[in-house]
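Here it is, the structure in full.
Chain nomenclature is as follows: A, B and C, assigned in order of appearance, with residue numbering initiated at 1 for each chain independently.
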Amino acid sequence: MLHPDRLFPADPGTRAIARRLYASISDLPIISPHGHTEAAWFAKNDPFPDPAQLLILPDHYIYRMLYSQGVSMHELGIRQTGAPDSYKIDSRKVWRIFAEHYHLFSGTPTRIWLDYEFEILFGLDQRISAATADHYFDVIAEKLQQPEFLPRALYERFHLEALSTTDSPLDSLEHHQAIRESNWKARILPTFRPDSVVDPAFQGFRENIGKLGDQTGEDTSTWPGYLNGLRKTRQRFKSLGATATDHGHPTANTANLSPQESEKLFAATLSGNSSPEQQELFRAQMLTEMARMSIDDGLVMQLHPGSFRNHNQKVFEQFGRDSGADIPTRTDYVHGLKPLLDLFGNEPSFTFILFTLDESTFSRELAPLAGHYPCLRLGPPWWFFDSPEGMLRFRELATETAGFYNTVGFNDDTRAFLSIPARHDVARRIDCNYLARLVAEHRIDEDEAFDLAQDLTINLVRKAYRL
Amino acid sequence: MLHPDRLFPADPGTRAIARRLYASISDLPIISPHGHTEAAWFAKNDPFPDPAQLLILPDHYIYRMLYSQGVSMHELGIRQTGAPDSYKIDSRKVWRIFAEHYHLFSGTPTRIWLDYEFEILFGLDQRISAATADHYFDVIAEKLQQPEFLPRALYERFHLEALSTTDSPLDSLEHHQAIRESNWKARILPTFRPDSVVDPAFQGFRENIGKLGDQTGEDTSTWPGYLNGLRKTRQRFKSLGATATDHGHPTANTANLSPQESEKLFAATLSGNSSPEQQELFRAQMLTEMARMSIDDGLVMQLHPGSFRNHNQKVFEQFGRDSGADIPTRTDYVHGLKPLLDLFGNEPSFTFILFTLDESTFSRELAPLAGHYPCLRLGPPWWFFDSPEGMLRFRELATETAGFYNTVGFNDDTRAFLSIPARHDVARRIDCNYLARLVAEHRIDEDEAFDLAQDLTINLVRKAYRL
Amino acid sequence: MLHPDRLFPADPGTRAIARRLYASISDLPIISPHGHTEAAWFAKNDPFPDPAQLLILPDHYIYRMLYSQGVSMHELGIRQTGAPDSYKIDSRKVWRIFAEHYHLFSGTPTRIWLDYEFEILFGLDQRISAATADHYFDVIAEKLQQPEFLPRALYERFHLEALSTTDSPLDSLEHHQAIRESNWKARILPTFRPDSVVDPAFQGFRENIGKLGDQTGEDTSTWPGYLNGLRKTRQRFKSLGATATDHGHPTANTANLSPQESEKLFAATLSGNSSPEQQELFRAQMLTEMARMSIDDGLVMQLHPGSFRNHNQKVFEQFGRDSGADIPTRTDYVHGLKPLLDLFGNEPSFTFILFTLDESTFSRELAPLAGHYPCLRLGPPWWFFDSPEGMLRFRELATETAGFYNTVGFNDDTRAFLSIPARHDVARRIDCNYLARLVAEHRIDEDEAFDLAQDLTINLVRKAYRL
């Protein structure tokens, strides 16, 4: 199914350049500085469950498409909130439904990733369909029990150099601890993602603040105690290898309140009576506080704004968060980030990586901002846009203003561990596609393109994430 | 003038694939589920008038361009509001002006459509110019009198399988009735377009509500009577073959008011003293009511938002609506549609087709929404964007997130009946162009591309519009 | 370093067409109707200073990129506000820093322009680097002392037909005067740019109004006297050859106030107590006043909206305006321009050229507006977007709706005089690239493409700017 020239430009001359470039980087190690795999997999090193539970249930890219075409969440085996512990899915049935609907993925990156996994990891090279569903299921299920498909073996097979998870400040990080204490020499790093304790609209916010206090021995009902609790937790993450924080706010708004104003606002959010405007202002102020702490402790800061979470009310009520119904919205970085940038935009020791779900901002806001402020870098195309067309648009929209060196390489951003090599392969091929076009049009020289291919694949990510 | 490879990619390998794909679909019937032709043409089957009245006066794509370059509306023969019945245009003079300015259309889809009409329908294969203006006029004028250029003959020659018009609820649909009662076996279907009775800002809104009452025997001065009047009218449309409704709102806002609130708001709009905010809220609520009725009666719902109508005040005052001065505006679907989607977004029997004039929403809002909600489908690129570049952008921006199967084929959306084959030909060629690129880059296999070409041309439209 | 086929499409057939088109226009004169060179250079005809002061310090495209990657403004020799008169930069050191960081410009237009200047103007054809920095510096420094590198000699060598500067109404235009009084037959024209006297937020606004009164003998503390002062100054510019005005507002808002309202608002702005909203309304009204004056005196009006000026507070405080920290913002033309267009949109004698920093408006707002209103024309892609990809996007997004003939050719918009031929060369190559694609895809014929290439290069600019 996989053609060696896939994702390269069709023009034969340009394709030949892309092939040469790709050959020089295809075997480089994978650095995955931002994703959603689970440290527990690597701590325990148990076999992954069956194909449906491994590949379909956790991947909202897949089930949102099936759902959009009338396959119900129940048919897909998605666990309803409050389902009894005895709830079990019929994995083979779910797998068959998926296989029958495989044509829905034509033209999507999901299709490219899955074909890669099927062929490269499992040796399955006939396109999956209703007819081959059971064969696929059996082959994959059997392989998943073999030692070379255990999480640690796959980490090594994937040639991973570093793999970052995303973790709540309330997480004990026991699995990260366990990995470090084992004699397995891998680099699996936590990332500090404090949404649950900095966003007053987050379910359980007040309880979470209390837990943060318990964990850190700080009185987090006071503003200084709360900040100290966060500081200490960041230190805890750092001591287990974290090099970065990540922030999933609805907007890119930041604020610069006085300590007195912050203190008052914090009290209001804790009272449980805060207005949406106060909650937004608090989130905005907390981005600024996080930036201040980053300058102190050296953690790289990432901002992923602009997702309208849980847009489908009924699906949210029945199936909870992260059920494939998060929708991008318009985002304003220019006004939103100004308070933070006024304070820290020129700090040489600060690295602040911006992502977007609003592609109209790439050329209008993000590339101009990153092409000026020393602290800013552009994250790769994210979520719906880590796709061939999305990646090409990113390069075409951002490079001319921000250059290549204000970008940070690729993030796979995935909870689908098996898709990591596939996703990095797509990113590498598309970068070579873009570079080849620049060479063919004599906009850069071929020797530069070879250097750039190395930089885009490993050097920029190592540097930006301090790995 | 027409090259057999027009609109195919230049790369020879990719072009060869496009050619093969196009050969497999070029002869398929045309399904036109959304447009603005007139049922009267087919009911009466009179010859079309002269070239200028047929091709130029009703086509605001053409005369807006001429107007933008200094040709006055008077020179173009556009009828001024309140002109005496005796008003007559000098068609040959208008035609000559058009011919002299034909270079203005270089690079526009209008040029591609017209060349197709001139060459394929009228056998004129020298580019039109001042020198050939009269020859063109004479040839076309003469042919229009021949039996094979009568409306019904053209319908058959165009290989139309279905042709939908767009009609006011106040329309008697007598011509649709007449067509059905004739023994001509064509499928010409009305579409329920209620803007004039659901938009309080529509000229004559209150009178229209009264007429709706007269027509349906309901007391439309009450909220329940008004809703009943709409329900009955939808039934009347359905009985004459309608399968869809269409809604031309300025925004994508929807609402979910209680019956009491709706009743009060309706009374306010009828009072003639409603504020712009109340009018917007009423339109928003009416989209939700229309969705509710669609679930009951099975009519597919289409939303065409985002046009600032009659932007040019002086042109509007002198020449009325639809004079080429409607301008797209920014549109927010994510927040706007939420109230309606909260109610009906997961209804399996509901089909809701979204269009846009704001291309930045394709990847940011529309593809993510349609790639999740079971009721949603993406309409094709509309109005200014049903062009080669516009169609390519649509596929590039939407496919990776929504796939092909959340789209609904092509709409020609035209009042220029003779341009229908030309417009569908452009759409087919561009789809083959896009599919050929995916094949050449090994993103899909060629066998899939053949299936997709069929689906995009006939299967998706039949299914989405229940034809 | 420069390949003869640079910026042409890679496909050999399309490239051959692009080559033929380019050969037909590459030697045409350069018309530069909008830029920021200084009349004093040509009045005095002194040698340009050293390479760093000529090429780096005045070019915020260059130093913003270096700054974004951690090179400090001090290292770059940027003059701090209030620096003593004795402040001197170490030009060779600045040049070396620039050369060491040259890889940062890979993939940016700056790189393309500089390579052109180095090779074509200075005969340097090894890529600049740390190793060649001194050689470059010495060669350029030496050449700049030669007679053929004096400003007037370069004007002639560049084959300039007209070159417009941008000037404050408070400028004496003495250098323009001097050029006209010399016996040098060149066409260097001022442009009326009144931001400093129509924008109440402009530093020194009230003082500037006073100076305008002194200069014109009008009592500019009254609304009629102020308008008269502006009218007279426009006349003064016109008498020195100006054919255009330019307006750099933060938004595209216009207004249509009564004289009484305007008078009151003017008084408020002069009081020094005006609110931001009043200031915005005043700017909006002044665009309408400028349009009214344009209809009277025939000056072409240009609007460059949407830049958030001096976004970096610390850099602004230390280094002043125009320090590379202006960031584009979202712009609304459809609502913003309506008051002005309601008044003057249909005036045949009025030419109003619109630019944007928000590319999402090209297809959504600007092309539909320019494709209808007789007064409107689309300026070329501006600032961050006068780049290969930016220019291609402009053609792809605007042409299908506005055609080619509602555009006005290229603006180099530069203060880097030596980059003018390079910038026009890029524009010509990209236009040929785009036209070649249209020909290769049989969307236009090749004979038309040759005509269009001429029009895009010289005819449209001459006509739009009345040159």
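Quick note on the criterion: contacts are C-beta pairs under 8 Å (C-beta built on N, C-alpha and C of every residue); 3 or more make two chains touch, one makes a residue touch a chain.
By chain, with names taken from UniProt: A, B, C = Uronate isomerase.
Model, not experiment: these values are computed from the prediction.
> Superimpose the Cα trace of chain A (Uronate isomerase) on the Cα trace of chain C (Uronate isomerase), which carries the same sequence, then give the rotation angle to the nearest 5°.
120
> For copies chain A (Uronate isomerase) and chain B (Uronate isomerase), work out whether under half or over half of the interface numbers are shared, and give different or same accordingly.
different
> Hey, how far is the Cα centre of chain A (Uronate isomerase) from the one of chain B (Uronate isomerase), in Å?
40
> Two or more other chains touching the same residue: where does that happen in chain A (Uronate isomerase)?
9, 11, 360
> Help me check something: in the complex, which residues belonging to chain A (Uronate isomerase) touch chain B (Uronate isomerase)?
1-3, 5-12, 64-65, 67-70, 103-109, 111-112, 127, 308, 311-315, 324-325, 327-330, 357-360, 384-385, 387-390, 393
> Under the definition above, what is the set of chain A (Uronate isomerase) residues touching chain C (Uronate isomerase) in their complex?
9, 11, 13-14, 332, 334-335, 338, 341-342, 345-346, 348, 360, 363-365, 367-374, 376, 396-397, 399-406, 437-438, 440-445, 448, 451-452
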